[in-house]
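Should a chain be cited, it is by its letter among A, B, C, D, E, F, G, H, I and J, assigned in written order, with residues numbered from 1 in that chain.
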Amino acid sequence: MANVELTQTLLAAKKAKGLTFADLETVIGCDEVWIASLFYGQASASEEQASKLVETLGLSTDLIPELTKFPTKGLGPVVPTDPLIYRFYEIMQIYGMPMKDVIQEKFGDGIMSAIDFTLDIEKIEDPKGDRVQVTMNGKFLPYKKW
Amino acid sequence: MANVELTQTLLAAKKAKGLTFADLETVIGCDEVWIASLFYGQASASEEQASKLVETLGLSTDLIPELTKFPTKGLGPVVPTDPLIYRFYEIMQIYGMPMKDVIQEKFGDGIMSAIDFTLDIEKIEDPKGDRVQVTMNGKFLPYKKW
Amino acid sequence: MANVELTQTLLAAKKAKGLTFADLETVIGCDEVWIASLFYGQASASEEQASKLVETLGLSTDLIPELTKFPTKGLGPVVPTDPLIYRFYEIMQIYGMPMKDVIQEKFGDGIMSAIDFTLDIEKIEDPKGDRVQVTMNGKFLPYKKW
Amino acid sequence: MANVELTQTLLAAKKAKGLTFADLETVIGCDEVWIASLFYGQASASEEQASKLVETLGLSTDLIPELTKFPTKGLGPVVPTDPLIYRFYEIMQIYGMPMKDVIQEKFGDGIMSAIDFTLDIEKIEDPKGDRVQVTMNGKFLPYKKW
Amino acid sequence: MANVELTQTLLAAKKAKGLTFADLETVIGCDEVWIASLFYGQASASEEQASKLVETLGLSTDLIPELTKFPTKGLGPVVPTDPLIYRFYEIMQIYGMPMKDVIQEKFGDGIMSAIDFTLDIEKIEDPKGDRVQVTMNGKFLPYKKW
Amino acid sequence: MANVELTQTLLAAKKAKGLTFADLETVIGCDEVWIASLFYGQASASEEQASKLVETLGLSTDLIPELTKFPTKGLGPVVPTDPLIYRFYEIMQIYGMPMKDVIQEKFGDGIMSAIDFTLDIEKIEDPKGDRVQVTMNGKFLPYKKW
Amino acid sequence: MANVELTQTLLAAKKAKGLTFADLETVIGCDEVWIASLFYGQASASEEQASKLVETLGLSTDLIPELTKFPTKGLGPVVPTDPLIYRFYEIMQIYGMPMKDVIQEKFGDGIMSAIDFTLDIEKIEDPKGDRVQVTMNGKFLPYKKW
Amino acid sequence: MANVELTQTLLAAKKAKGLTFADLETVIGCDEVWIASLFYGQASASEEQASKLVETLGLSTDLIPELTKFPTKGLGPVVPTDPLIYRFYEIMQIYGMPMKDVIQEKFGDGIMSAIDFTLDIEKIEDPKGDRVQVTMNGKFLPYKKW
Amino acid sequence: MANVELTQTLLAAKKAKGLTFADLETVIGCDEVWIASLFYGQASASEEQASKLVETLGLSTDLIPELTKFPTKGLGPVVPTDPLIYRFYEIMQIYGMPMKDVIQEKFGDGIMSAIDFTLDIEKIEDPKGDRVQVTMNGKFLPYKKW
Amino acid sequence: MANVELTQTLLAAKKAKGLTFADLETVIGCDEVWIASLFYGQASASEEQASKLVETLGLSTDLIPELTKFPTKGLGPVVPTDPLIYRFYEIMQIYGMPMKDVIQEKFGDGIMSAIDFTLDIEKIEDPKGDRVQVTMNGKFLPYKKW
């Protein structure tokens, strides 16, 4: 669904420039995860963000319309096979019901929005092995009764 | 797969006692999400944790073996239909590849463990609508080359 | 997932009393579709709404906790086989992309909430054959950039 | 299944001309959602509608046969991953049975046609956040007994 | 989904009475296939039809509400395994596109209704082996343009 | 699985010549549905039928081997999304068991062949809306006991 | 789908009597594989065959109607997990296309019937390890052209 | 998975030479079904077999490495749609359990190998309609206990 | 598919007796993994092994027939959700093709038998974290050419 | 998902050079299975390993970035059809629960890592038929309680 060629072009340019997503965060003023989402056709940039990005990566401004359009989103396979991505599927399988109960006990009947939502990744250094910390923050949306 | 009756018994006792998972956190000394996992047959307690739990809930000690055994884990349906749980599936679909790239850029080829792992849920009060904050923290496991 | 017995009990009592969902709308003060959702374990009532409902249907107050709990939602089969329900699947298959484009052209990148959402059904009399009118109304949620 | 290239050509021309689907509604005399369906290969135009469309978009009349043929319809993936489109799947999952009951209570055993059917999208401005209103209107088809 | 017990009760009574569906056709005044649909919870009878049926089968009038309700329809497994039923799936797989083209060439863009629809089965005696003749007759529904 | 290019070539030539499948029926001496099956790679022609067809359509005799080979048959997606084709899937879902019972009551344990089989489509004019009549005729094959 | 209890009863009685399927072949006068099919609800017996079977197994004549009815057939899971049964799935996966080509080269476009069909299993003793020989014999059914 | 182009090349050359698989059996000294497996990328030839084959078909020796490599095997779709191939799936669905019981009664707990395995197809002429005879012969492999 | 009650009975008795699978290995004279397979209905015991097992566990000899019958094997869900079991699915997904190439390079075209097969699990103590060692040993089965 | 062209290039060069994976093990200093994983896009090399590999295979250094990137891993089809690979799926289906029980009895609640993991394949010569020995060795990861 995503524009695979665009993803390849962006990743290749980023590699050629020796830039990390964290470097792009500084330039674009958006979180590195959000920028990676843009690379993978899972988010849409403003004209200004797209311009800065193609300029930074030394790419043609012809890419701007692709970066600003509203993409059809999603990864594809129903159960992902990549081990890193699968672990998030597993977390949903194992902790889905517990999270539902704890969230709804705190907030009532409703959900955590995945749209009014941010996701942050941090490296927590630890002598026993560094740790990945993923912080998801989404607006609570209570079910409307009508 | 999970022991549905055990789950029902535990939830009913908790409701009857007017306790929240946060209250149980104080008693058992473990996070409320972990305790909810125990309720849903997704984790195994020590003898001591199981004893404290049944005592607090006013349940029979006969339940202890069920609480301490190593359960066969997982929710079941391939794509969950409950909206709250689905949002975590959606996050995996939309942010799976971006998370993979950002994590591997920071850590190298490997994954975030879903076993040496903690998950914390907090309510962030916000005048524009309270927010759910989910913090996942898993050890980074680099691929071994052999 | 839903509590099938509860659904059966509620439907049988409603039939025995000769009540329609529209009648219940008048009593409970909520839309008939929402009340039907409650019957099918897809919504949670307040204590007051649940009391009124069991009283109106001549059922035991023991059902109140079931009606006020936060249910695990969803119909189950991936592609529904019932023809009436399938037509809504078909509408999503045929008009999904067109709706996406028209909505996002009017609102920008984002979605229509299915949580902050109402759904109304009306009978439009028509000499050439009566028509079903379904009005869905959901808050637009723009994608957050972070 | 749909002719992806045709879709791309039409969308690109529309963007180049700076036209919205609402603008095309005025030109073609059909609803914007129906026109978007035509763009996505989910509807067939008359010769006259197709001519007006290619003329308005500055495209070749060679596209007319593609626009007037009777397409093989549908989106493809069984459960859509795009969040906007998924919400309509979720509505079917959550409100499918309630809608069935309310519709059949009002009309008897039968269905809402998805063929003798219109779909309208409106933006409802609201200070607490604009709302998407989707109105579906389909002929009720009673089951024939024979 | 269908009420399996009801089906069993009806079939057992019909067997005990030594009646065929064709016999019931004479009594009820509806086609044998339609009556079989009623047995399998795929159609709803009028009060009068249901009364005649239970009387003919020597069953309790308590079954009437089950026979007159609007059932949730469908067989269940996505691809049927029973060889007789599978052949109809195969016909759809092999002749689906050809039927679509021939029907739409004769009628324009639209479908054959499966609701305003009758289905008749006849035995055609043939010295080289008797033949099953299935006649489906459904109203053509043209796509509405709006 | 089918040879999509061959299908496109045949359909385009038929359109260019302004011929219907009914016209081809007259030329080839086979039913229009069978000819449409040939177009969609679901049947194999004799040398003579293939020659007549390419001649009538003004196409190269190079296509004859493709038309006479024994194709690997089938539509592909497990549950079709095109509404016209889906209705035949729905008929199998709703009337599968009833047809099984009526056929087996008339014939004994066995099936209707989908190979020694013909399928005819007729337009039944009707002031209340024209009707599609599909007549399937297949040899009854009794289960062999051995 | 099959009547699991009937299967269990028959197997238990056969075990208690110390009979093999080959023994039953002698009594009933039908092949042991066909008799096993009857045990598993995949075939229907004549009154006489059913009587002989229940008599031989020392079971009640109440089972006769279950043995003579026309069962809804099939194993169930789409891909079988039992290793012995899976091997037949594998043979279809690996040798499906080669068998199709060789059969159709010998017979023309058509299929091997699985209804006018027998299946025989023999033990071929071999010093290097005994071998299972499965002989399938089905009528060739040529595609009808119409 | 299979090398489709190689299959096409081999089939075209065979057709051009007017050879049947039975003719190739004489030349290569292997069964026609095995040779068809080689054509469809489901078996690997020795250097000598591959040489003879390309020579007989008048093809380049460049194809030899493709013919001698160890292919990744299998047909692909989970449930095949081609009617001839599907019948083998149906046989597994209907006769899977009966075959399991008869084989294990004769041999003990174990399976028929699909690797140390041969498959032969014969045409049995019959005035009532020719018959396809498929003989499968596989080594019995008893489960090892350890 | 497996006899869940039997599994529960065996596990409960083993727990009550305070025995490990390793203890049972000493008693029965078979590997602990094979004994666990027997517990889960994935293997069949000899009369003698079954007798020793029920005696050791203090269970009724009535269980012997269940332990000696040839079970229908397999776990069930297509993709397992339990994290420990999933890792073996993941190993197949990630290392399937590499294992195929290395095995076939060493042995030629063929497979590792999963029937003439043993599986051993050992705990390798390691100061950096103990390790699980799984040793699979299966007979190589070369593809037969015929 | 994997880079199929890269795989083909590497395999072709290896074949042309007449090298086995075991030969590459000597050159690269990593296990042959791990090297095969690299060929199939299931592992990432260091710059040095990639350099040695392309040099040994006589390939361009342009391939180095592809060999050192962190691939999206996995085979693809949910249930593999290749017989060699399927056997590992079967082992998971048959021995999944027994392995879970034996591992957790030895180690407690947790899993065998498939990341901090090695896999070794050996040929065990045996007069009754050589055997494949696969040794998997993964770190035990205990579930963290928090």
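Worth pointing out:
Going forward, a residue touches a chain if its C-beta (ideal position, glycine included) is under 8 Å from a C-beta of that chain, and two chains touch if they have at least 3 such contacts.
Values in this document were obtained by computation on a predicted structure and should not be read as measured data.
Taking the mean of C-alpha positions as each chain's centre, the chain lying farthest from the centre of chain A is G. By residue number, over half of the contacts seen at H-J repeat in one listed pair from A-B, A-J or C-D, namely A-J.
Centre-to-centre, using mean CA coordinates, chain B is 41 Å away from chain D. The distance from the centre of chain E to the centre of chain G, with each centre set as the mean of the Cα atoms, comes to 29 Å. Distance between chain E and chain F, defined via averaged C-alpha coordinates, is recorded as 23 Å.
Contact with two or more other chains is made by residues 34, 72-75, 78-83, 85, 90, 93-94, 97, 100, 104, 110-111, 113-117, 119, 141 of chain E.
Pairwise chain contacts present here: A-B, A-C, A-D, A-I, A-J, B-C, B-D, B-I, B-J, C-D, C-E, C-F, D-E, D-F, E-F, E-G, E-H, F-G, F-H, G-H, G-I, G-J, H-I, H-J, I-J [touch as defined].
The touching residues of chain B, when paired with chain J in their complex, are 30-31, 34, 43-44, 49, 70, 72, 97, 100, 104, 108-111, 113, 115-120, 141-146.
Only residues 1, 65, 72-76, 78, 114-115 of chain B touch chain I when the two sit together in their complex.
Remark: chain I residues 79, 81, 83, 86, 90, 93-94 touch chain A in the complex. Within the complex formed with chain I, the chain J residues making contact are 20-22, 32-34, 36-37, 39-40, 42, 73-75, 78-80, 82-85, 87-107, 110-114, 116-117, 119, 121, 123-124, 126, 128-141. Every residue of chain C that touches chain E in the complex is listed here, in rising order: 15, 79-83, 85.
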